[in-house]
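Letters A, B, C and D mark the chains in the order given here, with residues in each chain numbered from 1 onward.
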Amino acid sequence: MNRLAVNLPGLSLKNPIMPASGCFGFGKEYAQLYDLSKLGAIMIKATTLETRLGNPTPRVAETSSGMLNAIGLQNPGLEKVISNELKWLEQFEVPIIANVAGTLTEDYVEVAKHISKSKNVHALELNISCPNVKCGGITFGTDPIVAAELTAAVKAVSQVPVYVKLSPNVTDIGEIARAVEAAGADGITMINTLVGMRLDTRTGKPVIANGTGGLSGPAIKPVALRMVYEVAKQVSIPIIGMGGIATVDDVIDFMSAGASAVAVGTANFVDPFVCPTIIEQLPEKLDWLGLNHVTELIGRSHL
Amino acid sequence: MNRLAVNLPGLSLKNPIMPASGCFGFGKEYAQLYDLSKLGAIMIKATTLETRLGNPTPRVAETSSGMLNAIGLQNPGLEKVISNELKWLEQFEVPIIANVAGTLTEDYVEVAKHISKSKNVHALELNISCPNVKCGGITFGTDPIVAAELTAAVKAVSQVPVYVKLSPNVTDIGEIARAVEAAGADGITMINTLVGMRLDTRTGKPVIANGTGGLSGPAIKPVALRMVYEVAKQVSIPIIGMGGIATVDDVIDFMSAGASAVAVGTANFVDPFVCPTIIEQLPEKLDWLGLNHVTELIGRSHL
Amino acid sequence: MIRQERMRVVKIKEIAHNIFEMILSGQLVHDMKSPGQFVHIRVSDSYEPLLRRPISIASIDRDKSEFTIIYRAEGRGTTLLSLKSIGQEVDVLGPLGNGFPVHEAIAGETVLLVGGGIGVPPLYELSKKLVEKGVKPIHILGFQTKEVVFYEEEFLELGETHIVTVDGTSGHQGFVTTVLADLKPDFTTYFTCGPTAMLVAMENMFPDKKGFLSFEERMGCGLGACFACVCRTTEQTAVDYVKVCSDGPVFPAGVVQI
Amino acid sequence: MIRQERMRVVKIKEIAHNIFEMILSGQLVHDMKSPGQFVHIRVSDSYEPLLRRPISIASIDRDKSEFTIIYRAEGRGTTLLSLKSIGQEVDVLGPLGNGFPVHEAIAGETVLLVGGGIGVPPLYELSKKLVEKGVKPIHILGFQTKEVVFYEEEFLELGETHIVTVDGTSGHQGFVTTVLADLKPDFTTYFTCGPTAMLVAMENMFPDKKGFLSFEERMGCGLGACFACVCRTTEQTAVDYVKVCSDGPVFPAGVVQI
């Protein structure tokens, strides 16, 4: 028995640990460091229809226990992602979750339609929560009706299950979660970054060229955990939790709050081996808790 | 000329630094450490009509660069606050901003009516953003119409200017800010805490007895700064900024983003002398920036 | 007076498994008033960890301007504290709170000092003060296991000392209450510090005795300002609540609802 | 191969005002390929500061498994790094990026090495490698003021060295370009590292020369995965952008839009 295996719509995960979208590129760089087949899955960088060159630099800034980023969805575009990146990833035994972004509903639909046909793409992650682009992104993530419509439109064309990635920058995240569930989402991934800002104390101007950026890292863990806990009570589709995860204890916490699997983002920059390290430590941690299987963790806060 | 003086509705501040509500009690404890007359103002602990005993303990938990609290508005109640606490504070030359809380609109109105008559209360801070009480608090702070109605009701009875304290747990904080401005608010104080959670990794249960708590401290500074920046663009009433301020540089940042004065909360627990220290360092920092007066900082990010 | 001071580490030693004794030097020592008071320590200049850690004063040496703390390196903060080396500075806020009332014991009397685990340290300074005064202490010190027993010798020098471990690997086997039930000591007043379960047991065992208990609660400010460490009181008291940090940590038996 | 290693501090010394030289020991040294590569350093085990800091490799001693970094203690991270002491461990990720192409210079040639401030360090290992090969380096090293000048002797040992300070307190007065305008040196290739303004000046001054420039950009991963450090390229290139961390930090003149 594999004590770490988790089954989710479209995803047969050998363990519940995966790198978060945008924090792992398309895997090539981290493949220099370890075998990507160790991972439960990989959430690849957001893919848009066309090539995107992203925002001007500086694109990142450090904050207390966190960082801001405004990459601006830079990516080679649908075609190249399919023919180069996904193709290259086929050498690993790891399911890919393709993060889909766009400006209009049609963009999302187009990307979803094609990328979901790729052999190793086992699920889509609808990015309706990117705070760093002018149109699309977060605008879809703050209105339950708009979010539901987009979800339904993508579901209609996708060959694989669709997870919707929620934005924490809302008054009531449960409302959005329920709306996308009702619209047919197979799962939820959460949370994306909190909108934040850092100023250059000397000049008074924003450090990030884009002005604002998305806050990630350990600083946001309490907010992410609270939201996972809240949404877990309100939906019955599975949640992939993220936001500040950096240690095996963080994984336990998110799964306890109701996540069925987790993603690690910013922590990859701090410790590039963080994912395999956590995977290695999980069994020992289950022993410590007196649990046989990682799925026993899911939602135990609610018992 | 006092380079640090700032004039705001009802408040003639000798400097723009004040302790934030709930992080300084009613001043007595910190008066053992330094002369409270040094402070620009004092925001006292939330006052409700009746005595409140608050939430069960544990009420606080540490997080990365932050902390969660769920005190639950514990306070001796309106009468005792006026006759004991405010009376005692009269010995200091420092304007008091009274933080007003309640369950129903009538509670707020009643507290505001009486507390605003106290000699040293120069302004009210309407707490429509406390995340740690079941009724009242944050429920008033997430709906612009409700927030506006409450503001107008309190304005109608208050003898002193009314500042409204905004919650960051909303999709569009600018909307709430505009609503309370239109309803007659004299100023805005922001931000209150972000709703968060910490779990005991061993048991999977929340560390804070209340379940969730309010996240404060350096971790939330980027979010607070972004919100101050955003609201400053949308309203013309002054803002008292807060959220993670711990150093003189943080003060510069918040004022640059558009705050006319700032409040220091959690940092008082880390360094009980943080307020006088910052006040002492401010002139030197103005020199470094080549500025004559602290008011020149206000909103320079927007230039 | 409460001060904030960067105090110098004069000594640091692991005296039992994960239990560290640290001696700090500075002026703040001269403001310490009673055994059982505590200090609030910032373990690093980073914001992570952010909050100070409350640690009891275990021993005071006024002549040398030094005092001792004894702590278990357990979570993030105390582990960082255990990594300090001699000569480094530690940011200390204190002395805080109200300690054990030494004046409640009279010369010639026998008193009971009951400590559990990391609740033992403040009893050491207390015992020194009592002995100085001519009071005879009996020490009952409970630990989990032999590995984490500390200061047995030090307490023995001051008076009768009984060690008890849950697994029986050192001293008696059981809990402090096991020893007390066997020993049936004759005493006027008890002083105790340790886990809540032990405090409850003590109150229950000696309902008619004068006793003083030291409490623990999660803290924010440590000064009385934030209402983090509030405990409800029993009906016998005139107030609804007390703050562990500024009203306590030591309270007479029967005050705090436990 | 890129490794993550806890390397030991063998030496740490303030060699100029706020400029520190640190020697680190470990196996990672043996994977270093070219001068101009960098390492990504985690300065503490706390999450605050969170991100690694990119620092150039200033000198390599393969025999001893040691390498040197030289950095200015400026912000929070580098200040913490400057407080390390001998024997402590530092978490290093590296070697990263592509350095200066030593093979572009041929024995007997004269080349120009132009550095500004904390852009000077990587030129030292580069110069050593060039000299080993029989290439003759001319060093033009610019600093703000005398107080922050470092490694003058070390560069002198390798070849002709001109120091220039903005305020004229050491060497020539002015910028590296002032010296270059006076000196009119004869060379085949230039290698440069320093503030962007200096890189721009170099490209403008020698539009027809072969040149290699080392760039700085804020980084997240340091590996090429996060798209933080992207620079737009000029029209002469086939790609739209390059990443400073993995495609650079060194690029041929004319590649990066500056």
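Basically, contacts are C-beta pairs under 8 Å (C-beta built on N, C-alpha and C of every residue); 3 or more make two chains touch, one makes a residue touch a chain.
Just so we're clear, the structure is a prediction, and the values are computed from it rather than from any experiment.
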| item | value |
| --- | --- |
| A-D or B-D - the one linked by more C-beta pairs in contact | A-D |
| Centre-of-Cα separation between chain D and chain B, whole angstrom | 47 |
| Distance from chain D to chain A - Cα centre to Cα centre, in angstrom | 36 |
| Centre-of-Cα separation between chain D and chain C, whole angstrom | 54 |
| Residues of chain A touching at least two other chains | 63-66, 217-219 |
| Touching two or more other chains - residues of chain C | 47-48 |
| Chain contact graph, described as a line, ring, star, complete graph or other shape | complete |
| For the chain C and chain A complex, residues of the former touching the latter | 47-48 |
| Sites on chain A touched by chain C in the complex | 64-65, 218 |
| Residues on chain B engaged by chain A in the complex (per definition of touch) | 63-66, 68, 142, 169-172, 194-199, 201-202, 204-206, 212-213, 215, 217-223, 225-226, 229, 244, 249, 252-253, 256-257, 289, 297, 300-301, 303 |
| In the complex, chain A residues that touch chain D | 22-25, 28-30, 32-33, 45, 51, 53-54, 57-67, 69, 71, 74, 217-219, 246, 266, 268-273 |
| Parts of chain D lying in touch with chain A, wherever the complex brings them together | 1-2, 4, 42, 47-52, 93, 217-232, 240-241, 246 |
